[in-house]
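Structures for review follow.
The same subunit A turns up in both complexes below, where it pairs with subunit B and then with subunit C.
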Partner chain A sequence: MATHEAALRTHDAAHARAAEGSGVLAWLTTVDHKRIGILYGSTAFAFLLIGGLEALLIRTQLLRPHMGVVSAQTYNALFTMHGTTMIFLAVMPLNAAFFNYIVPLMIGARDVAFPRLNALSYWIFLAGALFLNASFLVGTPPDAGWFGYANLTTRPFSPGPNVDFWLLSLQVLGASSVIAAVNFIVTILNMRAPGMTLMRMPLFVWMTLVTQFLIVLAFPSVTVGLIFLMFDRFLGTHFYDVAAGGDLHLWQHLFWIFGHPEVYILILPAFGIVSEVLPTFSRKPLFGAPVVIYSGVLIGFFGFGVWSHHMFAVGMGPVADAAFSIATMLIAVPTGVKIFNWLATMWGGRIRPTVAFHYAAGLVALFTIGGLSGVMHASPPVDLQQHDSYFVVAHMHYVLIGGSLIGIFAGLYYWWPKMTGRMLDERLGRLQFWLVVLGFNVAFFPQHFLGALGMPRRIYTYGVGSGWELWNLVSSVGAYVLGIGVLLFVLIAARSLRSGPRAPADPWDARTLEWRTSSPPPVHDFDAIPPVYGRDSFWREKYGDARGRKPAPRPETPDPHGIHLPSPSFWPVVIALGIGTAAVGALLHTALVVIGAGITVVGAFAFALQHHRDPAHVVQIGNLGVDHRKLAMWVFLGSECFFFGTLIATYIAYKGRSVVGPLPHEILNIPLTTLSTFDLLMSSLLMVLALAAVQRDDRAQSRLWLAGTALFGLIFLGFQAYEFTHFVHEGLTLQSNLFGSTFFVLTGFHGGHVTLGVLWLLALLVLDLRGRLAVSDSIKVEVAALYWHFVDIVWIVIFTLVYLLP
Partner chain B sequence: MSTLHAHSDFARAILHVYGIITWTTALIGVLVFVVLGIIIVRFRARPGDTELPSQTRGHTVLEIGWTIGPALALLIIAIPTIQIVFRTQTAATPPDSLQVTVRGLQWWWEFRYPQLEVVTANELHLPAGRRVALRLDGPDVIHSFWVPGLGGKRDVIPGRLNQITLVPEGPGEYWGQCAEFCGASHANMGMRVVVQPPEEFDRWVAQQKAEPGEPAGAAATGKTIFAGSACVGCHTIRGVSAGVLGPDLTHFGSRSRLAAGMWPNTPQNVAEWVKDPQRLKPGVKMPTLGLSDEQATAVAAYLTGLK
Partner chain C sequence: MTEPLQATQHEHASIGTYVRVAVILCIVTALEFTVIYIRRLTPILLPLLLVLSAGKFALVVMFYMHLRYDAKPLTFFFVSALLLASGIALALMTLTGDFLVFKR
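For the complex of A and B:
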């Protein structure tokens, strides 16, 4: 085992940076992916307990008919907050904890592509989470459901600030998720250790990658839906106003185009965890690994085409119902393939039934139940009897507890030793597992019966003689047991941290790279970037391939650039504080919004300058041969396509539905806008010249063309300002009709993008004027140029579809 | 109100697919559980067992098999599903059907029979054996009309007209409830559906069309209080008032439940209700009128007497 020991050697690298500080300030400014992972994990677990407490209050209220534990309003707030908390503040960030801590280790990287951006994601998440829960402190928690169906959420039907807390925090949380997703896509695609081809990546990394793409592409839709709602509530637009011609299907489509992929965002990471845990404890490779990967990708892909199965009762007509029904059933195929491959992985193994294995096998069993009940309501006729009944509550908890949470527990028991350097108590862990699994099944299996007996969801009370008394009682008792099980984990974790046995580097005799470094890993993860010999590389080093042939040990090449780690930054906290302040301001006073926005902008500039002076990585070109920043911009622009796509689609869907004027053909000035379109197109040309000048180090020209591009951008904004003013004089405002609402929001957001682009160009110009824009910085201009061209292309689409189409 | 007992052609069609799907999925579930059970018993490492198992990485035929197998199983489900989707959803209203306009409001139901010129609330009467077209419409937020015994739910969406057509079978009483969260008292938005033999239904129609009798005694006092208070702003009692915001009370006494299905319609309950509706039904739009006990009792006597 000599090579084994050598493989695990670490810590003694002379050039390793000194250990990080441990004070509050060190944690506030940390950019270490492991610490951010721990921050995510501990925050999310706290919210899991809060969400669980909300659930127990709900179950107590439903324990018997006519209970008066909470009022109707409080009950409605509890289920709204329970859903929102569990999805956005518990399961997603618990997954994020593993993405952060484990993914870089698994791919043999020293950190993520953008460590400071990573910290920013966490702090924005925390700001959003605290803001959402602050609603309890002021006595107005959101109470219109986690799905916030308009028009119940519009001002006439929800006058209080309750829904405002919900819609503002969801936007903040969405920003955090998208930033993190861009970061992890770049990290996974670009920062793999040499030899780690895509098909050699561990399943958890693969499922993380698919999840991040889902986040990037699904969140814009709900963001736009929330923006419409925010404008309706604060500025009097008419997106969800039936009297003005608004269509209430709009919110449901926008919400579920996000909401269904969100289900896979919650569950795919758990699938990834199980695909790591089962092979390790069966001591066999994952059966059919490529098939498991492809099926995960297919689930993600199909996940975008099934949203309307949440809407079988809204009356879309038989053709749409049939199409979405078949698409939904199709998802069962790749999901089934995963289940069968997991079974085949265990088959013929030498199973070591650790707690982590218990949980992983538990997922296979419980998710199967949730998956099959999902197939049941993929059939619209059956769904019409199950939709919005307790049958769906049962289904969804079998997926989200039986799948996601059980998977997360598998991951916690599996990676805890790596993350803390301590072992967990296996004996108590087994007790904890059985409490969770028994409590869960007793709580949720009877809810299938309640649904079949016609009990609707979201009712705070029910009558004697409804026939629902017995199963509600059983369900509540199960929920308490489940609660005790989850709490017991806190005890087990605390005991481990205090006095658990020290964990060796590789306690489970595992297969992937994270076990090749110490537990916990040093601040720089690996002394030398580990060699990759194939799928399950570390296992191959220890045991060889299927025939026991070990790879010839490859010498660990010392990093040619030395170990470079990004320095801590307090700007992420500042930016998050600015965003939080702006959100509070939206409810209190506009001045506070301005202050918050100011802090955010200043923070963002400082953040960018810090990157300019002290980049996180010496080498930014990765496996794909593309600069991290350029790749990140491409991914972000993908997200932007969906953002503008949704805005434009809404404009088109609402075209001709305005009940009063002015109408587009009466007011749009095509000749003038042709001019401004031409101006914006020309700015793209100047942008090309500017980039070329920077690349050949032609200072005079680069300054000229950068200034020119910004100027043309300003001219475009001038045209827009004139147009808007003119329209307002003609009687078209945000509030006048659906045309006004859709037109101003669409073109306004485009104008906002142009403004941001101009600020960006001016910042580059200032750097250039101060002689700080070297040829090596041309990538920064290139990234700005990508953004600028994108914004121009979007305008061409808007100009064609809004102005030119009759 | 079980979803597993069908009392209309619509519910029966659903139950048919429901059965096929339940048995197909249950079979697959049992299969997975049996295999998992075998694995956990048979392949558990024995103490001292350090030998590595065979490092199988995959099997193409198996992979193809368990891709195609479930796809075929899905066909068993998909074919009847699609047939019934198209059979149970008709855009047009069948011409010979009894039309009922169902309006969902925060938090009660209104039923209008345009062909019969009858308006009632929270209690839907239907003739057995005749095709009914329920046309769903609402003025405020989204609700969902769901009477499990008569079939699946359909949302009541302001600005969009939805429809359920069905033939109720045999006489019976069914409980229904709003299934789409619609605000504070979503839980208190129930309804009773009474399916009657045609002759009995005709009698009910005749009764609903008749003018209510003139009250006497305490009920007469009640009528005076009703007519002189804010009640008339929201409620219609033919010959007395013409409010449209709340339920039509012309034949209130003929209904067996009060406040969208919450309590039995007894004078005592009605008196409690008119005294403080907010306490009994959170968020309800009906204001507290500040009636004394005697006044409330009189109004209750009047209302429950409106047969």
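For the complex of A and C:
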């Protein structure tokens, strides 16, 4: 138990954060991972219901031939919004709810590494979600499909603001996801309780970690694809303009480089949940847990090498088809390993068939069906037959409902008592489970038959005598039953919150650390950091190892600095408001974009200053021996590698494809650019000198070198401004040809990064001049320096590949 | 597996090393600029420029970004991401570019 002194500090900390209260303002400014988890969960569930309603409208339209419930145009909007909503606004944030609420508890931490960034992720997510759905209010919902293939999404084919709503909201949602992912990677790697080595981490934490890496590395490619689309639509560039030499396959590649890892982003958390639920209710450890971990990592890794199996129909050629086919079949191996490990976990266990167990076992069965039809798509000849048919719709829903959503329900029934302090009704829960599972199978299994009978996806009606009438009727009836099942959960949850029995700390006799604290947990999660005795630490503490040998009790670890919880912040809401305003401005007026950008920049500075004055944690060095902020920057730079890699690859892929001039060799000024390259390289030298000066507390030198670095950065920007102006005078603009589009976007984004770096350096310089940059703050300069040097190495690559190579 | 809880101090390079790296970066940049004008090097220009560029890239990452001296997991994260990004970028160029490696 904690000492008396520690208990007092605990009490103070609890009061400090409890002072947040429970009013609207308290929720707007909260940085508590549990509250943010609840915000994610409740918002995402609301969008699950909205997406479900859209699905029921789709199924009603297809109930019988020639139904006229909605128009063809509305039908297009419904399937576009249904897909986008379910993926980005329902399943991803429902998973995020568990990441937020459960992961810190599972690893014995008091909060995430960056609590305010965590709040920022949620509010940006909400801004993107509301912006997307605002399209309904103005009567122009997106209608080009959830994967928005170019050139259907370009201005000539989608002239209205429908696609603008879609692409802008996806950019905003992507920013939210990447910020959250960096946060959770640092949290998991750096904030584990003493003794919790990586291989002792619960499976849900492992799958969360793999998922966050997938988000960080996969989102940049679709971000770049959306940037190209945005530039094509708003500024007249030619990325997806075939007449100007553009290649429509580029969008498909960029989308699916993200899109296939996205499938694992959606499913791996569910695998993690099942890997917690099955051992608890089988009263056995997870069979072959290390193999399940390695399988999850392998799935994540292979997930990056299979994207083109979504594109077998475009004609990539036999070699590419064969490579992606083999990679896709390979990914079934680690997935199959997991299935067998779950079965072996249940085998011989003393099973308690709770609703959570029902759902977990249901996932094993239903996901297997979706997985098997996925292996069928790995074969290009088979895929060509099934492509764009209802067979694919069936497969996708067996993976995303049979896998993800069923897994999420398992997690809801399992962790609800921990999150709310109330039990759910198990009897009604069983009824709800059977309604969902029966409704789901009746709705989607017949769609395999419809696909085999040749029914294409996305058609808004069909004729009598097509042979599709019976299975469409059955499918629609199943969808209604599924809808009733989901609604029943709302009733069960409401009853639980109103009058459910109180939940004890450990209602399931479970195995992991989150059950070691009260239900719901106190504001500071644990009075003292819990001891870790191995994998399934709490179980070992209660019952010992397989032979019943209990470990020698270890004392809990009181925090040497007391319990420090960061104060609430309204800056995350302000920044999200700025981003939302800028997005609205993109559709209405440039002035609003400027205002939104201004609010965002001011908010970001205030946010950073708040962190400077009131750090989230007293000690920022974690398990890896690295500062949280430095680790976060390195993870972010990994994401930036993908961002710039994609931009550079596009420049090279499009090189020589412009149908009109000016061309690179006619216009690029290599001597001038060599000078600007020298300048940027020297700025890196000044940056390391600045860092060294801050570290040895040499104020005069640190100010000199910080100012020098910023000045060299400004000189580089001056070179770039001169170059751009000169090119425009020579007739090369964003719109003139494919070279202009790719060149200006690539170098422009690099220039944008330099500009951000200069602003960052100037902010540090101001802090230094005001005497607020001590030796202990050198990590802040080091993090800025890492960003600056990265911008430098990106330029080294651009200089060679864009300017020097003939 | 033992993992440290306290701050691990990593030695960084000396000022002299930073300056030497800067000098090498300048020399290599000057070399890059020069070789593109030497006609006899045209056949090997592509690999030559790529090697020189990779060398500069590595010097900045190792010395200025301190990966040579810092915790090994940081190198693992960055190099893994860099390799994966490079592989995907190469595949993207191959699959959409004019210089198709594979016949369609």
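Structural remarks
Simple rule for what comes next: the second predicted complex is superposed on the first by the 786 of 806 C-alpha atoms of A that agree within 3 Å, B and C clash if a C-alpha of one lies under 4 Å from a C-alpha of the other, contacts with A are read in each partner's own complex, and residues count from 1 in each chain.
Note that a contact is a pair of C-beta atoms (placed from the backbone, for glycine too) under 8 Å apart; a residue touches a chain by one contact, two chains touch by 3 or more.
Computed from a prediction, not measured in an experiment: that's the story for all the values here.
Contact with subunit C, but none with subunit B, is seen for A:L805 once the two complexes are overlaid on the shared chain. In the superposition on chain A, A:S221 makes contact with subunit C only, while subunit B stays out of contact range. Within the superposed three-chain model, A:L53 lies out of touch with both subunit B and subunit C [touch as defined at top]. Looking at the shared chain after the overlay, A:A332 reaches subunit B, while subunit C stays out of its contact range. Of the two partner chains placed around the shared chain by superposition, neither subunit B nor subunit C is touched by A:M423. When the two structures are aligned on the shared chain, A:Y149 is found in touch with subunit B, with no touch to subunit C.
Shared-chain residue A:R352: touches subunit B; no touch with subunit C.
Legend: residue contacts after superposition of the two complexes on their common chain; A:L762 is shown touching neither subunit B nor subunit C. Within the superposed three-chain model, A:P671 lies in touch with subunit C and out of touch with subunit B [touch as defined at top]. The residues of subunit A shared by its contacts with subunit B and with subunit C are 247, 249, 315, 317-318. Those residues of subunit C that touch subunit A in the shared complex are 1, 3-8, 12-13, 15, 18-19, 21-22, 25-26, 29-30, 32-33, 36, 45-46, 49-50, 52-53, 56-57, 60-61, 63-65, 70-71, 73-74, 77-78, 80-82, 84-86, 88-90, 92-93, 95-98, 100, 102-104. Subunit A makes touch with subunit B in their complex at residues 71-73, 76, 144-145, 149, 151-152, 157, 242, 246-249, 282-285, 287-291, 313-315, 317-318, 321-322, 325-326, 329-330, 332-333, 336-337, 339-341, 343-344, 346-353, 361, 364-365, 368-369, 372-373, 375-376, 378-389, 451-454, 456-462, 466-467, 543, 545-546.
Of all residues in subunit A, only 189, 194, 197-199, 217, 221, 247, 249-250, 253-254, 257, 304, 308, 315-320, 621, 623-627, 630-631, 634-635, 637-639, 641-642, 645-646, 648-650, 652-657, 670-671, 674, 677-678, 681-682, 684-685, 687-689, 692, 785-786, 789-790, 792-793, 796-797, 799-801, 804-806 touch subunit C in the complex they form. Across the complex, subunit B meets subunit A through its residues 1-4, 13-14, 17-18, 21-22, 25-26, 28-29, 32-33, 35-36, 39-40, 43-45, 49, 51-59, 62-63, 66-67, 70-71, 74, 77-78, 81-82, 84-86, 88-89, 91, 106, 140-142, 144, 146, 148, 151-155, 157-160, 162-163, 175, 177-188, 282-283.
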